[in-house]
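Same chain, two partners: chain A is paired with chain B first, then with chain C.
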Partner chain A sequence: MSDNYTSILWNKQKKRYDMILWAGIVLLLLSFTAFQFVLYKDITVETLIIRATALTAIVLLHIILAIGPLSRIDSRFLPILYNRRHLGVSMFLLALIHSAFSIIQFHVLGDTNPIVSVFTSNIKYDSISEFPFQTLGFFSIIILFVMAATSHDFWLRNLSPKVWKGLHMSVYLAYAMIILHVALGTLQYESHPVYWVLLILGFVIITGLHIFTGIIERRRLNGDKTDLIENGFYEVCSVRDLKENCATTVFVNGENIAIFKYDGKLSAVHNVCKHQMGPLGEGKIIDGCITCPWHGYQYRPEDGQSPPPFTEKIKTYEVKMINDMIWVNPSPKQEGTFVEPAKVKTS
Partner chain B sequence: MESFVIILLSIFGVYLALGVLFSIIYLWKGISKVDSKTEESGFFFKILLFPGMCFFWILFLMKWMKSSNA
Partner chain C sequence: MKENNKFYIGWKDEIPTRHAVFLKKLLIAIFILIPMLGFIVVYFQKPFNSFNFEFGNTTTITGIYYDSPIPMLFADEGSLERGLSRDIVLVGYGKFGAKGIIENIEATEGTLRGKKISLNGTLIYGDGKMLMELTKKENSFVEIVSNNAQTSPTKSAFKEVSVSGEIIDPKCYFGVMKPGEGKIHKSCAIRCISGGIPPVLKTKNAQGENQYYLLVDQDGNPINKEVLPFVAEQISVSGKTYKVFNWNVLYVDVDAVRRM
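Let's look at the complex of A and B:
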């Protein structure tokens, strides 16, 4: 969180993250290169670069897509989620190198403009075995470029969080096109089944993770509806179920609410961070403020306001305790409204 | 097919070229008027914004015009 934009908000954790990321990338590139030289002694440098960057980029893309659901299942994955944009930009750079070398290798030496050639050298869109898979790759790199180019808080603010989020959800469209690009390309050039096995395995893992996480999230959120209403309040859970400085979340009457326990008190706020819609309920109270687990944005629990000089505000809700049970009123207060915290009294 | 692709890519190319021109001027002169959080941001930050700005330049042109009128 900062008042003015900086290019990258470097800290010790981010530097370590990037070092591990790029060590992994270099290791994968070198391992694959060695493997290719063993299998194909006459392989050219251009072909090697095309294949190595393609493999590394697609592995990274699978990691990127898996992190979100994995973080929902197990909070130990959250540190990887925090700097996912670094993963995304790195993946784009590798994909860009792959695209550039592919265009140079296959489209430069003809009479036609290389970019035009990507679309016109093969127009058998009615064939599966000879499908022009290159165009799928082209459109997916455009999507990845737009995502990489807008991976900064400046874009979140200036495009609006809703538009920015929509834009970045197009990663799934890019993923689908890349899967087809690889599948249809592999069909034309490779006969070994290992490529198909790996591709299908990756797709099944990503799809399975998303479906599984979607089901458990829906059950968790819907399972919190109760039939006990007292003055518009809904019973949530026992206060003993909450750890100190942590939250429980509940979805009631269309409201996504996080209830925090801290300093012998309870406060309820909207469970969605203003920054990039991170799940505040998965964060903690640090220095007296609710801290978003994604990027560290903070809000005071009693009024949902960010501490000065920051100006972000979130909705707040009334909360009370009756016989060790936490109750919340899902009618939201206006963003930034002070609500007297409920005192924690255990019997 | 080839003519159609050439026309589309040419239009996109012109769009991007205008975006490059706009982005240079906007990042130099206009950005801090539209978003006050960029006032003390460094040169490298603006370099980071450049590619995306070439793509979304129409949106920022409208924002700049709106802030100038205001």
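Let's look at the complex of A and C:
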């Protein structure tokens, strides 16, 4: 969380994160280079750079796309998610080197503007095997550039979380184009099946993880349906089902609600973090504040406001107890509205 | 407090133990997999040829210049120390043919056809073929050594052939780029041939050896834009061919080219 903007708020974890990230990047670049020089010493430096950066960037892209669903399945992946934008910017820089060298190598010093040449040298857009695959890479790098350029919280705040998230969801479009870029490009030349196996395996893992977590989320939302309604309140669960300082979530009347139990009280807030739409219900009360599991943004449970000097606010809901059961009114209060917490009484 | 220590918060300095232990194991696995992945991707790729582009190193060669069917220099015996092919295809700097540079030189020096001249450029060679990039453009011209040479090279008799293979640009293929053929090089090959570098059909003979045909049109003139739709694709073509020095020259009817 921040109330002002600095390039990066470094802490011990972030420094360690970046050190490990770049150690991995350098290890892949160096091992790829070493194996090339041992096994294929005739490779040119340009081809080596193009291939090494392409491989490293696509591996990073798979990690970036896998880490979201993996964190939903097992919270021990969360430290990788926390600084995912560092992964993204690093991946973009590698992809940019790949793109720049490819355009220089294949299109510069010719009879046509290099960028125009990307689109007009091979014009077989109606063919699969001969499709001009470089155009797909070109559009992908544009998307990745926009994402990297707007990765800072400055843009998140100014574009609004919804617009920012929508913009950054275009990574899936970039991913689809990159898969096709590889399939219609390199794999039309490198004919060994191992490359198809690796590409398809990566695609299956990414789509499989997203489908799996999507099914879990859908089941959670469908399972939340309840017929027990009283004066606008919906029955949710027994208070005994809630751990201290943790939440249960419920989806009623189109409202995604997290109900927290803390200090003998119950409070209900919107289940979506203002920062990057993280699942607050999977967070915890720390130092009296709901703490988002993704990036640690905090909100007071009784009014949904971030503690000063921070200014984020989320919607709040009325909550009450009847016997041991928790009931919530899905009619939202304005963001940051104080709602008296329900007292926890167990029979 | 103990419970809170199990919850990960990114902006804190310390990471909970259960996360740290898990990540340590995960990272060890990833750091073992990384070089393995690098090895697999490298090991199964197609090998590169051992052709050469003497980048950054220019050589002066003296020989007889011919402009037909394409700009060539037939080097004097002993002019090349390495025992390389003496029939040198001339190409321009970047993705251009030599024609424009030669025309500019001839504008000041007069016609070079059939004359013994010295040119300075970067050598490109492999698989018995030799090319020279006129890297310094017009400054690649060194001098006219003598004027009294024959104006056209000796040609063999014509014969009819049917061949199949891939149209490549010889500058990239014979050493500038690796690989200089196939789908991944297609755009570059189109750019080079469009810029005037003569197209070459790479085929294989019955023994599996590479054979190369310089492509010209049905009148024996240079051909470039017309073959662009077929570059880097497998094609078959029939036509008459002759040999000039060590190069096969194939007359191509573009309308009769067939994709395989």
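Brief remarks follow.
Note that the second predicted complex is superposed on the first by the 343 of 347 C-alpha atoms of A that agree within 3 Å, B and C clash if a C-alpha of one lies under 4 Å from a C-alpha of the other, contacts with A are read in each partner's own complex, and residues count from 1 in each chain.
By definition in this document, contacts are C-beta pairs under 8 Å (C-beta built on N, C-alpha and C of every residue); 3 or more make two chains touch, one makes a residue touch a chain.
Everything quoted here is computed from the prediction, not taken from an experiment.
In the superposed three-chain model, the partner touching more residues of chain A is C, compared with the other of chain B and chain C.
In the superposition on chain A, A:G281 contacts neither chain B nor chain C.
Once chain A of one complex is fitted onto chain A of the other, the partner contacts of A:Y40 are limited to chain C, with no touch recorded for chain B. Once the two complexes are laid over each other on the shared chain, residue contacts for A:G304 go to neither chain B nor chain C.
Within the superposed three-chain model, A:W155 lies in touch with chain B and out of touch with chain C [touch as defined at top]. In the superposition on chain A, contact is made by A:T112 with both chain B and chain C. Touch criterion not met for A:P341: it reaches neither chain B nor chain C. By the document's definition of touching, of the two partners only chain C reaches A:G296; chain B does not. Comparing which residues of chain A touch chain B with which touch chain C, the overlap comprises 112. If you check the complex, the residues on chain C that touch chain A are 3-4, 7-15, 18-19, 22-23, 27, 30-31, 34-35, 37-50, 93-96, 177-179, 182-188, 190-192, 194-195, 233.
Within the complex formed with chain B, the chain A residues making contact are 3-7, 112-113, 115-116, 119-120, 123, 145-146, 148-150, 152, 154-155, 157-159. Interface of chain B with chain A (complex): residues 1-2, 5-6, 9, 34-35, 37-42, 44-45, 47-49, 51-52, 55-56, 59-60, 63. In the complex of the two chains, the chain A residues touching chain C come out as 1, 9, 11-14, 20, 23-24, 27-28, 31-32, 34-36, 39-40, 42-44, 46-47, 51, 55, 59, 75-76, 78-80, 82-83, 105-112, 117-118, 121-122, 129-130, 132-134, 185-186, 188-192, 194-195, 198, 244-245, 283-284, 286, 291, 293, 295-296.
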